[in-house]
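Multiple structures follow.
Next, two complexes with subunit A in common: one pairs it with subunit B, the other with subunit C.
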Partner chain A sequence: MSLRIERRLTQPRWLSVAVPLGSLVVAFVLIAVVLLATGHNPVTTYRDMFEAAFTAPGALTQTLIGATPLLFTGLAAAAAFRMNLFNIGGEGQLYFGAIGSSAAGLLLVGQSTTVLIAAMIAAGMAAGAAWALIPGFLRAYLSTNEIITSLMLNYVAGLILTYLIFDSHSYWRDTTSASAAVFPVGKALPDAANWPTLGSGVVVPFGLIVGVAAAALLWVLYSRTRFGFEVQVMSDSPRAARYSGMRTRRKILAVMALSGALAGLGGASQVGDFLHTLDADPKGLRAYGYGYTGIVVAALARYNPFAVVLVAVLLGGLQNAGSALQGPDFPSGLVGVMSGMILFTTLGGELLIRYRVRLQRRQREAVAPASEGGR
Partner chain B sequence: MEPTAESQAVAPARTGASPAIACRGITKRFPGVVANDAVDFEAAEGEVHALLGENGAGKSTLSNIFTGLYRADEGELEVHGRPVSFVSPRDGIAAGIGMVHQHFRLVEPFTVAENVMLGDQSDVGRSFRLHPRAIEDRVAELGERYGMAVDPRARIWQLSVGEQQRVEILKALYREARILILDEPTAVLTPQEAAALFQTLRAMAADGRTVIFISHKLHEVKAVSDRVTVLRDGRSVATVDTAASTLRSLAELMVGRELQTYNRREGRREVGELRFEVDGITAAGDRGVSAVHDVSLRVHAGEILGIAGVAGNGQRELAEAVTGLRPLQFGAIRVGGVTVHPGDPRSAIQAGIAHVPEDRLHTGVAPSLSISSNVVLKSYRSDENSAGPFLRFHRIRDWAVELIRRYDVKAPGPGASARQLSGGNLQKVVLAREFSGTPKVLVIAAPTRGLDVGAIETVHEHLRDAAASGVAILLISEDLDELMTLSDRIAVMYEGRIVGEVDAATAAVAEIGLMMAGGGGS
Partner chain C sequence: MNNSILVVVIASGVAYGTPLLFAALGELLAERSGVLNLGVEGMMLSGAVMGFWAVQRIGGPGGTVLLVAVLVAALAGAAVSLLFAFIVITLRANQIVSGLALTIFAGAAGLSSYLGNDLGLADAPAKHQFAPVDLFDLGDAPIVGPILFEQTWLVYASWALVALTAVYLSRTRPGLNVRAVGESPQTADAVGISVTAYRYAHVLAGGALAGVGGACFSLALTPQWVDGITGGAGWIAIALVIFAFWRPELCLVGAYFFGAFQALPFTLQARGVTLAPELFQALPYVMTVVVLVVVSSGIAKRRLGAPGALGVPFVREER
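The block that comes next holds the complex of A and B.
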């Protein structure tokens, strides 16, 4: 008997729903094994987690707060990955979004909240897009691998953030208040620059609403427009795209800018919704790796913008539950194991969507060599 | 009628001893095709033996059987008089057979000696400690002996293509190959490098080794070999003494299938005004050296100009250059007197140049996308297919359904992916799209490769109709039957140049075959 893996010619629609759900079930079974092995009762742990993430008082609010940045970085990754453009630089683009939007907030002191929010969103997106265009240009004109360049620029962006607050008297740094003399911090944005929240029982950050709107727009762009069509062709066969007269370089630049703008919007939302200053603290904005988790979100969502919303809330909940349960007998590493396991099974499940696995009896004759191109 | 050469006896080897390598009745089938059909072959020690044949004649398959990469379905193989049965390339190496592939198998960041060392099964190679010095010395010595010096410590990426090929040969010699097979070794070489290679091959033969030289270039075969075995359509047609044969007789053996059955076009086509001008274009190939050299062509409205040539002589690059996919170094392209912006596919499309590429599945269509998407690949920007930034999906779908009906495409529906279609139906989709753009010029390459008889007839019918409606067609094909059937004139391409042009109605096939193999007088 031998295992054969064959490419599926057609991918039935139900598979793209059933396989991720099945993967999640498998993940939870595997995690249960880990929990048992570490002396936890899986059933009660899962119940506690669900409560801590969604049903306990204030839990859903915390989950949504955690989901907000993941939604943006997830959309950013999905937008680029759809065209096989592997922008790993969501992290740095998010920092740049924070830098841009906080500058806008600080500059426009005295303006109304509406003007401030609009300006912060625009500035955040522009800064994120600009930072993403560096690897974009390198890829389009010099065929540099964007995975490497965008990844390395994350560290550069982190250092720039440090420089602005810790190593210079930049526009962003607070040099007047008493506490700033003890430890360097960013200037506080005017109160009018605080983004509103919605709801009373469950508090929904304004950024989350913006993110859901962005997801909807992204879906329209990618599945209804000429731009989306070009992206589809480019991702399937760059040669066919060029053959059809599409401007392939421009498309690379546009998609990188779009991806960077979405991550930058995430940075703006962090500043406007939660931080209200440019945060360069290594234990602050930079500690969570939103940009990297966004890649996981996008992968789990199979690059579908609406699924990104769901997955962001799910992973936000998992993080939230993790930090709520964390204690002497529940190490934080266990939460990492959980999200790792979910990623692992989902990516494994991807194989079942694209390929068919077949058991078959081994043929008696030696199998013809794989390459027959020589004939 | 059988061509005269068929009856020719197998020329005896010059040396009397048992042949270094011999095979009888080798048959190898791949799904849907018989690559080798009862092939007989033998090469003696101390001889350079050429294996001549067109693309697809079965040369590579046969050599892969010799090296143990493939297993023959039927037939016997003998090395130095002993029957052998190879199950892996390692057995071939152990039996003293070395192969130099067309595409080198070298590790670029490694040095010459390190590459030679890779996979070495001798005591030196298998020992835990590396002995780079010993290998370097041996490589230098071998290089000197056969006049192909390379610095054993140089890294592969620093070497020219010709030097890299020497490394491949040295690798085989280091492993004590008595029989060396070279697959189209001159394809990547400059004429000077090729001349040097021939000297090396002669030196190795003089040393008692056997060299099997695979080629489809007649003058090279003539220049370097002692004997020639000609393969055609998977069968061994004849083995002849090189000295006793001429370029013409070899060309006849190589292409000379039932020459009389060519179904020539009846009567002349009415041709219109000069529509498509290719004016002295030169374009670089993928490796940077020019693949298309000073090519000029003129095609009138309603005319089919065929481009004949053995694959790899610049036809693909020519098609890409005239359709904007490949930038021009020199020259110009004009449609109806208006110059097309070079190196820009969109400009070519707007000028009315339709293109059916050789690589249908990855260039001609986006394989995973639907038929609907693929039929509007070039027209999705038009007003019919889009409204502002949005695509009109219903229109596009209806259009796809219409084209599927009109071109009789066998498909589950307009939503089926292009990948699901058979070769013939895929080609119909591409043709449907290209013709629906009402082209002025059609550039079409290998239009029927891999198609079944019925589909071939359909494609030919579409091409005739297009010509009748006034399209200027540039037909690039390796299939002489096809060119003779469809074209008005045939230009022959060899090593990036047009080496001759004939009138299809009166041309002698042997003449075309000779020019295709580089033996043309013009």
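The block that comes next holds the complex of A and C.
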């Protein structure tokens, strides 16, 4: 007997639903084994996590707060990865979004909330896009691999953020208040720059609404416009795109800017919705790796903007459960183990969608040369 | 003379560069076989936590325990890389996303933190640690003493490993085969080299070396366990492979260069220089971007480019 893996000629529709669900089940079973092996009860752990994420009082609100940045960074990754542009600089682009939007909020003191929100969104998107255009430009004109450059710039962006608050007398730094004398902090934005919330039982941050709107726009852009069609052709067959006269370089710049703008919008939402200052504390904005988790979100959503919304809420719930249950009974690091494992099984499951796996009795066994053994 | 700032910076560059060197040599082996593994940070942290566990829990004379701990770290790194290898080689998944998955799975907020917590490793100093060894009694020699002869056994081992890797890749049959697998798996397959076996072997070797690199932190540089102890060294190691044009001997130079820049802010602070530390800390990252741009420019690419099939899954039926 041997395993044969052959490409499917047609992909049945039900598979694209059944396989991700199956992957999820497999991941949960595998992690249950890990939990059992390390002396934790998987049933109670899972139940506690579900309660902490969704059903406990106020849990859903916290989950939506956690989901908001992941929605933006997930969309940012999805927008770029669609074109096989592996922008893993969402983290740094989010920092720049925060820097840009907080500058706008501080500059426009005295303006109305509407003006402030619009300015913060615009400035955050512009700053994120500008930071993303560095690897974008290098890729388009000097064919430098964008994976490593965008990644390296994450660290540089983090250091710039630290520099602005901790090691300089920058525009963003608070140098007058009493608390600033004890520990370096950013200037507080005017109250009018606080983004509103919706709902009373379950509180929905304004940023989440903006994110859902951005997801819808991204879907329209990628599946209903000429721009989206060209992106699709360039990712499926760069050669065909070149022969048909599409302008690949311009498109690389446009897609990188779009991706950076979405991540920057996430930074603006962090400032406007939650932080109300430029936060450089290592335990604050920089602690959660929103940019990296966004790539997980995008991959699990198979780069579909609407699926990104759903997955962002799920992973937001997972992170919320992790921080709510933090303590001696709850294994630290379980959240990372779970996100990583779910991603692994989903990626592995893709194989079942694209290929058919067959058990086959080997016919040439007697004549097969020894070196062909394991195939 | 041995206290002059240049000697101190280079000597600490060697110490701080050693984990980068181990991890980069491992990544180089994987990439030469055509597999880009972005999970280095996760593999290093797995090695760091399990190496530290071995040192705390295994009894015996210090030297033996440390040797066992390094082996345990290598095993841990290889074990998590096996997961990645299965996903990308057997199941042909996207290598970039899978590598990130490995870093999230095993990284600072994943398995390494889980194990460190469940095994109760935090808040205790290491029972044994690698201390500098005065080789040939030359530790006091002017200039070269502190740089070359006053280092830990891990540093000396890494030099041997650089030589071994260089000879392996350029002078041995399996080494030439792995380069063929990385450049053109179809051709390698046609002459009877098992692409799958070579890729598995080199991804696992890469994981083992990353594990040892992680152990350099928890057993020598900062002998303790805290979540995320490697602080992004895994990502620098990936950049370093490109920086070194996929050559082991250049990995050595690059690792010490990067290490020196990491150590520089501490050294300067100790001497009362008050420049913004972020400036120096950002330099290695900016340098990597600059080097990447140079490497990807025309002439350099033809002479020194990446393995031809880097990042491309090999499917026998689809030539």
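Things to note:
Here, the second predicted complex is superposed on the first by the 363 of 375 C-alpha atoms of A that agree within 3 Å, B and C clash if a C-alpha of one lies under 4 Å from a C-alpha of the other, contacts with A are read in each partner's own complex, and residues count from 1 in each chain.
Throughout what follows, contacts are C-beta pairs under 8 Å (C-beta built on N, C-alpha and C of every residue); 3 or more make two chains touch, one makes a residue touch a chain.
As the structure is a prediction and not an experimental result, all values here were calculated from the model.
Measured by the number of subunit A residues touched, the leading partner among subunit B and subunit C is C. Legend: residue contacts after superposition of the two complexes on their common chain; A:Thr144 is shown touching subunit C, with no touch to subunit B. Of the two partner chains, subunit C is the only one that A:Phe86 touches; subunit B does not reach it.
In the superposed pair of complexes, A:Arg224 makes contact with subunit B only, with no contact to subunit C.
In the superposition on chain A, A:Arg13 contacts neither subunit B nor subunit C.
By the touch criterion defined above, A:His169 lies against neither subunit B nor subunit C after alignment on the C-alpha atoms of chain A. In the superposition on chain A, contact of A:Asp236 is made with subunit B only, not with subunit C.
Under the contact criterion defined above, the residues of subunit A that touch both subunit B in one complex and subunit C in the other are 374.
Within the complex formed with subunit B, the subunit A residues making contact are 9-10, 224-227, 229, 232-233, 236-237, 239-247, 366, 368-369, 372, 374-375. Contacts from subunit B toward subunit A in the complex involve residues 30, 33, 35, 56, 58, 60-61, 64, 69-71, 87, 323, 325, 345-346, 348-350, 355, 357, 359, 362-369, 373, 377-378, 380-381, 386, 389-391, 416-417, 419-420. On the side of subunit C, the complex with subunit A involves touching residues 38, 42, 83, 86-87, 91-94, 96-98, 100-118, 192, 194, 227, 232, 235, 238-239, 242, 276-278, 281-282, 285-286, 288-289, 292-293, 296-297, 317-318.
Residues of subunit A that touch subunit C in their complex: 6-7, 38-39, 86, 88, 138, 142-145, 147-149, 151-153, 155-156, 159-160, 162-163, 167-168, 289, 292-293, 295-296, 299, 331-337, 339-341, 343-344, 347-348, 350-351, 355, 371, 374.
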